[in-house]
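Look at the two complexes coming up: subunit A is in both, with subunit B in one and subunit C in the other.
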Partner chain A sequence: MDFSRRNFIRLAGVVGVSGAVGLTPLAVLQAGVQVPLPAILKTGDAPRYGMFIDLDKCVGCNACTVACIRENNTPRGIGYIDVMAMEKPRAAYLDTHFQPMQCMHCEDPACVPVCPVQATYKRADGIVVQDLKRCIGCKYCMQACPYQVRHFNKQPPFSHGRAHPAGGSYPGGVVLKCTFCQHRIDAGNITTACTEACPADARYFGDLNDPRSDVSRVIFERKGIQLLPEKLTRPQIFYGLPKTERRV
Partner chain B sequence: MPNTETQPRKSALIYLLFFACLALLALGVFSAVQIQLKGQEVFGSSDQVPWNVIIAGYVFLALAASGLCLTANFFELLNIKRFQLLQKRAHFLAVSFLVPALAMLAMDLGQFTRMHHFILYPSLSSPLWWMGTVYGIYLVLLLSEFWAIHKGYARMAYTFSVITLIAAVVATSILGGIFSVILDRTLWFGSGTPVWFVFSAVISGIAAMIFMTILTYSLKGKPMGEDLQQALRELGTILTVLLGIGLVFTVWRLIASVYAKVPDTFFIIASPYGFQFWVLFLGVGILVPFLLLLTRTKRKSSAIELAGLLVLIGMYVDKHIFVLAGQLRQSIDGTTAAYTSTPAEWGLMVGTMAAAILLYMFGERFLSLDQAPRHAEAEKPKAAPAPTDEPGAMVVSLPEESVARG
Partner chain C sequence: MLEKALQGNKAYWGWIFTLLVAIGIGFGFYVVQLQQGLGVTGLNRDVSWGLYIGQLTYMVGIAASAVMLVLPYYLHNYKAFGKLVIFGEFLAVSAVIVCLLFVVVDLGQPQRLMNVVLHPTPNSVLFWDMVVLNGYLFLNIIIGWAVLHAVKKGVRPASWLKILIYVSIPWAVSIHTVTAFLYAGLPGRYFWHDSLLAASFLTGAFAAGPALLLLILMIVQKVSDLKIPKEATQTLTKIITYAWAINLFMLLLKIFSAYYSQYPAKMATFDYLFGGVGGEQMMPWMWNFVFLSVVSLVLLVIPSTRNNPITMTIALVMVVFAGWIDKGLSLVIGGFIPNPFKVHTEYWPTIPEFFITVGVYAVGLLILTILYKVALAVQRENAS
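Up next is the complex of A and B:
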């Protein structure tokens, strides 16, 4: 083997560069610094709120449903969250899991363009809101929403219902829906009552435009999916599918 | 001249109809008050099936109103004299259908006192906003055209008839557009819906024109002029052709949906709307009148009248099935929702129909609906006939006969 000076320097260079490339990530991780995730969810620099629900963790306890009703003080018979039991019959058993449903705060919502009086609209931070003082109760938005997560308040139109968390009271004869706890976010508290209440930590809420946020990270890691993608609404609630089948 | 022996019986029949309609109107008002006091708890609609039978009733009445005006104006533009005999009655019938229908729709809104939001916060992307706006404009045009016909301003009536014809087509197709843009409702979605709405508006309009005209004359015991009879027979022939086309359209729409396995189609052809579809819509509403008109139109006006009534029933059943069956399937989990109509919904519906009939009786009583526009201009507008004590006993003047003979 020719150990000339030129060859020695070449070999040393190759080994040195390879070592540096190979060991750098390890060094970074050992130092506790997280690698930024690819910004697959990012659409801009301003905050855009979204949620991840891990169906593998959800036990169907309805703590989120109760927390939502308490937080929003919703009218009688109305809850913004519906925890559905999804059952898939197999040959010898029933595969089941729970799927909480609420307004998906879609990026391209079907409910917004159909409202005849602009009572439902999308805020800059991605939250789809319902103006209860403007709604005429035509229910066209309920028809357009493919997720069927809007609710009609059947109370009389001239009645004064329960107090709304953002002030005033719930009028009868209007459409209601999940607001991502808009009143909390407006007050600077960036979390929702359902996320706080979940005992299984199945829910993550935060800024989808921030690749370092918990919600972005968990959507990336758990390969979060959106419901009914064929409806082209691009929901901002992502679901993590159950890893294993649950036999019932 | 009417038979003097049968005249009191006819008047009694008109009185009976008048008081029955008043009673039903009272029921409608009671239902409306109940809705406002108790809220929509009295409705059978739910979050899964948000639109109820009232929407089906509104669609039927609005389409019939558009169809009446659309057909009458079309004949006016073609300048067919015989059909001009029906023009004034058709327009007033359209007004009689549309005004109560809009009031009924307002009662179905959760907050009808906020209807001014249509003006304050317009949303140009919403078909519902366009429907409300265009139907509002259409109603004003319709009233203006009727006023011009009533006053005998033939040229103004002609100009209005062009504009109102366009407004009627636009309003009808936008009403179909409300349903056709909802991607999630497979039975509603697609460009075929607005086209079918315009087509079924014409069918309903002609059927209403035939039925109400013959019924009015027979209730009043008044003989029809030869020209008017000829016009009605020709309308019957047109209706036969339209029913044939409607039958072909319906059958092919069904075949295409069954081939594509559109789930909602099976709600129509099987449960829960199979009986309504096969028997009430296809049988009673299309096939029976089709055969009736094919075989007996030449002689008997009662056959044409019956055919008109059956077509109207069929057209309502079509809208009933369309609106309700379209909402049953829940796309998120594939389940089927249930809907049962309630007495409050039917009370409001029946009251609205009664209001439409009462409004028409008022027009028949005070606005001489037999008057033809050209004739009126030629002879200068005549004063409305002096009211008598009987609500249905009209002053028998047959200007259409003089037009026909002239």
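Up next is the complex of A and C:
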């Protein structure tokens, strides 16, 4: 290579400019200025709700589990959130992180097409809900869901259980699931009980179609991943991997 | 013609009474299940289908296997099956009723059953399963009854019946195919998500179904004047042999593709079922299945043991039981264990679940007994 002065200056210039270009967004972000992020998640203009769960922050305290049961007043034995302890034996220690599991509110849900009575469906705002008045309790959606996050209410079919937050009561013998606190969203309160309750601020909830929302930003920054992507269900809950699991 | 079922000897009424008692006990436990909810069963979040849906799958196969008599008789004019076809069709009728009852007892909200009709969902396989099972039920009731009526009057069956019979042949294949699609269409369950599933369902059914029919007919032969033609027995056992061999071959295909490629999710279920990884509840059943399958196949393949009534009966019992372990037990339970997150949660039926299952089978046997009684009486009148 010809390291003449002119070439060296040219090279230095290229490196400098590209470095400056590369660093600019970081500088802008650090300064707290809102920049429109690439709309990687955007599917339209109407709100589409989703969540980000930071596994680096989650301490496995189950505050979300309890808050969810309280908020939704779920029947005995049912909680929509299950905090799984993920353990990996390393050379000298056990590597543990916690992974809260609940309905992923998939973009292409596997549970919706299998329902023989159209009791489960996806709302326009992306929330997958269950019509408790129509469900016959065949449990076929539970077979279809790859995430094991649907729950069967084992209470008797003719009983009237606890009060449902959206009104009425929980019928027995139907399938129940996380509703992303549907009753709150319908009332204009765009947050979920689990997000509010998390003491570690590991959960972010909001509109994935809005590139400026907290949840979109954090999914972009933390390179949020979806669980079992090979199932092509496109979950709307994204996870931020803990440091030990991140691939360089 | 139904009044013929009201005439019988002491043994007949004793049998009917036994069945009624079994139905009563099963119904009692079903009332308990309605009052206390499906919590009385062993079903849980991870294993949400169990004994009931397993029996549905097995009995759909028994129902479909009637085609193994209908097809040779009506398409190939195979006369040896002439007198037996009606028994195959009536077995199908009672088996389909048993299937539908097993769906009902598995529902959490049985009183909403009609929602399936009120809100038809063509993209749900369960909806289509309901359509094909009910269609098959009505086809076989109409065909069986009309043929029997013709025999009673000593005339040839009406020509429109031929069309229904031809329709019923692919329909029989369809009921088991759609039932297999119920499982094979779910990407979340590696054990079920297998394109071989429908084919192996059919071969398993075409072995276990005729085997069960032959065993039932042997009992009927003991207690009535029915004569099974020797040629019919030989042909049926040959059908059973081929179907059973292909069924076991397909199982080996699944094991090969799982283990040679070391595909973790596919191996996990076989590890659990045969190796006891994550729970040993199913392991003894699975090794019994292997033992029964291999011994019965050997007994059926060797001509001298296949044609010897005693060894043949042993082989048939083994095929029926092995087929039941395969489809009635391990298929449904194995599909859930381990779950997609590699968690092993075991399941075992509870006492109420067991007695409800026995009760449903007793309903099927009662219907079968009544239908067979009518058919035998009509055939006897016709012969005299």
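The definition used in the following text is that the second predicted complex is superposed on the first by the 210 of 248 C-alpha atoms of A that agree within 3 Å, B and C clash if a C-alpha of one lies under 4 Å from a C-alpha of the other, contacts with A are read in each partner's own complex, and residues count from 1 in each chain.
We adopt the following convention: contacts are C-beta pairs under 8 Å (C-beta built on N, C-alpha and C of every residue); 3 or more make two chains touch, one makes a residue touch a chain.
Everything numeric in this text was worked out from a predicted model, so none of it was measured.
Q: Superpose on subunit A as described above, then tell me if subunit B and subunit C fit or clash.
A: clash
Q: Answer with first, second, both or neither: which of subunit B and subunit C does A:Pro157 touch in the superposed model?
A: Both: A:Pro157 reaches subunit B and subunit C.
Q: Touch test for A:Tyr147: subunit B only (first), subunit C only (second), both, or neither?
A: both
Q: Is A:Pro229 contacted by the first partner subunit B, the second partner subunit C, both or neither?
A: A:Pro229 contacts neither subunit B nor subunit C.
Q: Residues on subunit A in contact with subunit B in one complex and with subunit C in the other?
A: Common interface on subunit A, subunit B vs subunit C: 84, 101, 110, 113-119, 134-140, 142-148, 151-159, 171-175, 228, 231-232.
Q: Taking the touch rule as given, give the residues of subunit A at its contact with subunit C in the complex, in rising order.
A: It comes out as residues 84, 101, 110, 113-119, 134-140, 142-148, 151-159, 171-175, 228, 231-232.
Q: Under the stated contact criterion, what part of subunit B meets subunit A in this complex?
A: Residues 36-41, 43, 45, 47-48, 50-51, 109-115, 117-118, 120-123, 125-129, 132, 178, 181-185, 327, 330-333 of subunit B touch subunit A in their complex.
Q: What does subunit A use to touch subunit B in their complex?
A: Per the stated touch rule, the residues are 84, 86, 101, 110, 113-119, 134-140, 142-148, 150-159, 171-175, 227-228, 231-232.
Q: Per the contact definition, I'd like the list of subunit C residues that touch subunit A in the complex.
A: Against subunit A, the touching part of subunit C is residues 34-39, 43, 45-46, 48-49, 103, 106-113, 115-116, 118-119, 121, 123-127, 130, 182-183, 185-189, 335, 339-341, 343.
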